[in-house]
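Working notes for the structure below.
For reference, chains read A, B, C and D in written order, and residue numbers begin at 1 within each chain.
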Amino acid sequence: MDSAVVAQEIKRADLLQMYYYLRLTRTLEDRITALYRQGRIVGGVYTSHGMEAIAVGYASALECDDVIAPFHRDMGAFLIRGITPGEVIAQYLGKRTGPTKGKDGNVHMGDLKRGIIGFVSHLADNLPVATGAALAFKIRGEARVVFAGTGDGGTSRGDFHEAMNFASVRKLPVVIFCNNNQYAYSTPLRYQMAIKDVVERANAYAMPGEIVDGNDVAAVYLSSRRAIARARAGEGPTFLEFKTMRMHGHSEHDPAKYVPRELLEEWKKKDPILNAEQILRQLGYGDDAYFQEVGQRVKKEVAEGVEFAERSPLPEGPEVLEGVFATEEEVST
Amino acid sequence: MDSAVVAQEIKRADLLQMYYYLRLTRTLEDRITALYRQGRIVGGVYTSHGMEAIAVGYASALECDDVIAPFHRDMGAFLIRGITPGEVIAQYLGKRTGPTKGKDGNVHMGDLKRGIIGFVSHLADNLPVATGAALAFKIRGEARVVFAGTGDGGTSRGDFHEAMNFASVRKLPVVIFCNNNQYAYSTPLRYQMAIKDVVERANAYAMPGEIVDGNDVAAVYLSSRRAIARARAGEGPTFLEFKTMRMHGHSEHDPAKYVPRELLEEWKKKDPILNAEQILRQLGYGDDAYFQEVGQRVKKEVAEGVEFAERSPLPEGPEVLEGVFATEEEVST
Amino acid sequence: MTTATATREVTYLEAISQALDEEMTRDERVFLLGEDIGVYGGAFKITEGFLQKYGEWRVLDTPLSESGFVGAAIGAAMMGLRPVVEMQFADFISCAFDQITEVAAKNHYRWGAPVPMVIRAPFGGGVHGGPFHSECPEGWFFHSPGLKLVAPSTPYDAKGLLKAAIRDPNPVIYFEHKFLYRRVKAVLPAEDFIVPIGRAEVKRSGTDITVVTYGAMVHLALEAADVLAKEGIDLEVVDLRTLIPLDKETIFNSVRKTSKAIMLHEDNKTGGIGAEIAALLAEECFGCLDGPILRIAAPDTPVPFSTPLEEYFLPKVVDVVTAARKLAAY
Amino acid sequence: MTTATATREVTYLEAISQALDEEMTRDERVFLLGEDIGVYGGAFKITEGFLQKYGEWRVLDTPLSESGFVGAAIGAAMMGLRPVVEMQFADFISCAFDQITEVAAKNHYRWGAPVPMVIRAPFGGGVHGGPFHSECPEGWFFHSPGLKLVAPSTPYDAKGLLKAAIRDPNPVIYFEHKFLYRRVKAVLPAEDFIVPIGRAEVKRSGTDITVVTYGAMVHLALEAADVLAKEGIDLEVVDLRTLIPLDKETIFNSVRKTSKAIMLHEDNKTGGIGAEIAALLAEECFGCLDGPILRIAAPDTPVPFSTPLEEYFLPKVVDVVTAARKLAAY
């Protein structure tokens, strides 16, 4: 069905806000990539370039007291949960004002107050953790939902299996998604799994699953909303496969020569931002002038973020020794 | 279809041999249980009582240069691969003549020369190991097959997932089975998985699966033979779910009060030895006189085994220090 | 499930059960998860009756998935609950190693998320368990910053340390020794008490030689002390109780007094906790040492099954006596 | 892929690549498996070109499953092959911990099955990797009987130890330091050679103080030695090279000569390898010690990301210099 028609189910304001976050994510990550190229950022830079619709779509479908366990290409979700562009850049620059105060880098950030479970490099490790957060909500009888994901490669890990199984056995209020961008670093799907669609993994747990166009923010939003509603209603977990394509290298150092150019060409046409603009145009929610205006706005916000981050202090050496253990005060709230 | 009719596909001699091993397994394990009750055996005693048809059936379908990675209720497979009742009892008594020379106990035994990968307590750990053995055969172009299994509980472990996935991605010559005896220690299936049949787990790997009556040795044998043939032909792995029931406690110390008596009554009627006798009678391969004769024979063999084990020396303390590392000689063969 | 009465002797096992029961009653955030802890009451019956008393959402039987349910405990802890995980045997903790060392141990340091949870690990040999039901895994976690480790040797410490662990804002691994479950008994105070994490205890004070130990070996050391007393060798037995954070002060004070030290543990020798304490002494108390720092520990092998092998493998009273005589003569 | 030529200098990274290439050519039982080692040539390009040369059944790109492919390597090894596993980063070895410590390490002891395999673990900090791309996991495996551990510091040792590891009948974890990959170079012999497992090497002989170390820290110790030489303090630098089995003889001989010792490693201090060696000295060489055994190591925290934090975290030349001065004055 035509995605603009589908998108009619979504409030105008929500769609416009998603468009804004798509642009903000793109602009922010492009800027981070530029800083990396200039050698200003060290270490890994994993972007969601061309996949922004997934994080923006699902994070927009959540309530503010829900919790997310994002994976490493979910920048839009961090932003929607309230982490500012300035904090993100500070994180990449190792500044004390970043969410981890320089203790960790790039997408390895989290913040319980904003309902974000910090990403752990070890892929799929946060899926069992997400089921535990959902278990806590179920035990306390809270109508809260956890939204957690991993990549196509991450679904090969044992922790994916143990989390999917536990979530379905206990009918936990969690939605588990897979960002299927067809590669795990250089590894194509055929070396990762024998199934045609990642969603088939859900069959092993009698968990309902859905294949979604990951480059259509409206489709991501609506499928997420359905799954979240199911979870909130106590009907248990759902698995969502968001089909997309990794448009950059695994990390910015990687030219990704192993990806056929045609594949990239084909997917370039499905760019989530172009898709969103088409929908907004068709629904009469926005025109080129509006899109440009949003572009200006996010450009300014990112520029301010860079400034904030650059003004921010680096941590001092001795801070290394702080924070290994939590204190009573931190938990007595 | 009537299992006797099905059993016609099996050579008379093979069926009779399977019957012999069913009886030998039952008699041997009953004797081990008795020794445990007398306090002569210490530690865990996990039997295959009422489930003997599974190990006897699949092990009978293998060629001698195939390899097995048995789980902890596969006594029949150990016997068919050539471990003697005497060696088994020696293992339980911690004697030096047991397959592990007293280093390990009970079913934690293995012997590469007899194509048996030693069981590891940590459930499902041997499934990735089994895929690696199959990988070796594939790399060397040998037409050998690996037969490996775990219990219904074991299928919840991450290693089950990682092994199933790798086996199917690389189309390895391995058959993976689940001994579904409806309980994992005290944990019923409903707390273990949300699916109705364990075989549904195979869908996550596009791996063909089959549900088999685990108490019918002929059915186990024939389904195993098909799966083994597939693997040997290079068509890849198969998953077999053997439905059965754990008739004793998890270990002999466990009265298993948590198991409904009716369930046990119902399954008592499906005893694999009674099933086999019925088949043999219907096919005219054996009668009560014959069954008694076999009974006498295995009783004698087990008695001799006990004698052998009791005559065998215990290891000496300093042997503790031997065998941490392998020597050149051991591998230069 | 047993309730505290000031007069009755309780076993080490009952003490653990009491601590769980009292904490669950005191704090509804506390819940249990693990294999067979519900209907069955746990492989060692420590949670017998808990399911009936607290219901299936506070006493969760999990699928056979150590990594999965430890991860789940981490998530629940971050959301404000106080999960207590039961490993059926400490040996299987290896399956959850990644969740414990990479997620639970590092979350607070990395991004400030407290992970208040406890993992109960029934460990140790002397129970004919063989290589996979007798392990002492504490050495691995001793080298994983972000975790606290405790290992009680008496019913009093077992109860007090478990309560302290449950109330601690950090991930704590609670090593309960299977050999002690039904072998040590004591009358416990009726009122609520904890044994603070981070404090060792001198279980026997002496003047000649310090034995630093923990878990089941504490009792071995005390037996050896009685033997040696007859020969005029006066052992001081320091029970670490908490392995991380180490109570350096108590250890150092003892060795400054005796100037001779023996490290005793059931875990493998190489890279064991005794090595760290010996290194600390050689580094920070060198001046007060009047002799080599001896170590008594299991050899560097898995735990063997057969009785004569396991007896050879485990440290014995005679080992401590011999070492102490050697040191006394030094 | 680079081939050995007697005249050209090769990096530590190339030395590893050469060892793999030569062993695969020499022995067709040798094969590689891991993530992205095929088409991509590995995250660090160590196996670049191998896929084309040896084909996809000797250079296997695996699913993202550390436990699965380490287990597979164990199975293949037991069937007579010689698998070499690449961990993309040593940090992810935690996901395969159970297979390594419970299966690979114990199989031969338990039931006599040799497991001749190698796990390559790119480890260590100084590369702005943060908590999950800079870990030093060797301490965990140092306490797991049944494993051999090596950690080369030079291209020569890197090549010779990897060949020895591949030819060893046991599971060997090969810790290759990421910081050294392109920073150290050397001309290597054109002919086949190995560096025997179990032998430390005195990388600088001196008379005053022994520094026992391994991996990247060897170079730090040598730098410090140059600084101290100017002050008349003569350091002896012992490069362990093999962590298990430890070469006690070389360590003891050195300390018997210098009678003063410093343990230096990048891994966390508590429960690190330095603790074991200090304990061995305090136990078996006590008489020859003329001063406390000092330890220089990372503090007990994860590896922080931000540059000023990581610089503070990692041991520095000045730390060694300061410690040596202190010991010299003792």
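In this text, a contact is a pair of C-beta atoms (placed from the backbone, for glycine too) under 8 Å apart; a residue touches a chain by one contact, two chains touch by 3 or more.
As the structure is a computational prediction, the values presented were derived from the model and not from experiment.
Novice: Can you tell me which chain lies farthest from subunit C, using the average of the Cα atoms as each chain's centre?
Specialist: A
Novice: Name whichever of B-D and B-C has more C-beta pairs touching across its two chains.
Specialist: B-D
Novice: Using Cα averages as centroids, what's the distance between subunit A and subunit B in whole Å?
Specialist: Between these chains, centre-to-centre, one finds 45 Å.
Novice: For subunit B and subunit C, what's the span in angstrom between their mean Cα positions?
Specialist: 37
Novice: Using the average of all C-alpha atoms in each chain as its centre, how far is it in Å between subunit A and subunit C?
Specialist: 41
Novice: Where in subunit B do residues touch two or more of the other chains?
Specialist: 100, 103-104, 108, 120-122, 156-159, 162, 165, 169, 191-193, 324
Novice: Of all residues in subunit D, which are in touch with two or more distinct other chains?
Specialist: 62-63, 65, 67-68, 91, 94-95, 98, 102, 106, 109-110, 131-132, 145-146, 300-302
Novice: Which residues, counting only subunit D, touch subunit C once they are in their complex?
Specialist: Subunit D reaches subunit C through residues 91, 94-95, 97-98, 101-102, 105-106, 109-110, 131-132, 139-140, 142-146, 244, 246, 263, 268, 270-276, 278-279, 281-284, 286-287, 289, 291-295, 300-302.
Novice: What residues of subunit A sit close enough to touch subunit B in their complex?
Specialist: 156-162, 165, 168-169, 190-196, 200-207
Novice: Which stretch or stretches of subunit A touch subunit C in the complex?
Specialist: 67, 99-101, 103-104, 108-112, 117-118, 120-122, 125-140, 146, 158-159, 162-163, 165-166, 169-170, 323-328, 330-331
Novice: Write out the stretch or stretches of subunit B touching subunit C in their complex.
Specialist: Against subunit C, the touching part of subunit B is residues 42-44, 94-95, 100, 102-106, 108, 120-123, 153-154, 156-158, 184-187, 191-193, 258, 314-321, 324.
Novice: Give the list of subunit C residues in touch with subunit A in this complex.
Specialist: Residues in contact with subunit A: 31, 57-58, 60, 62-63, 65, 67-81, 83, 98-99, 102-103, 106-116, 145-146, 148, 169-170.
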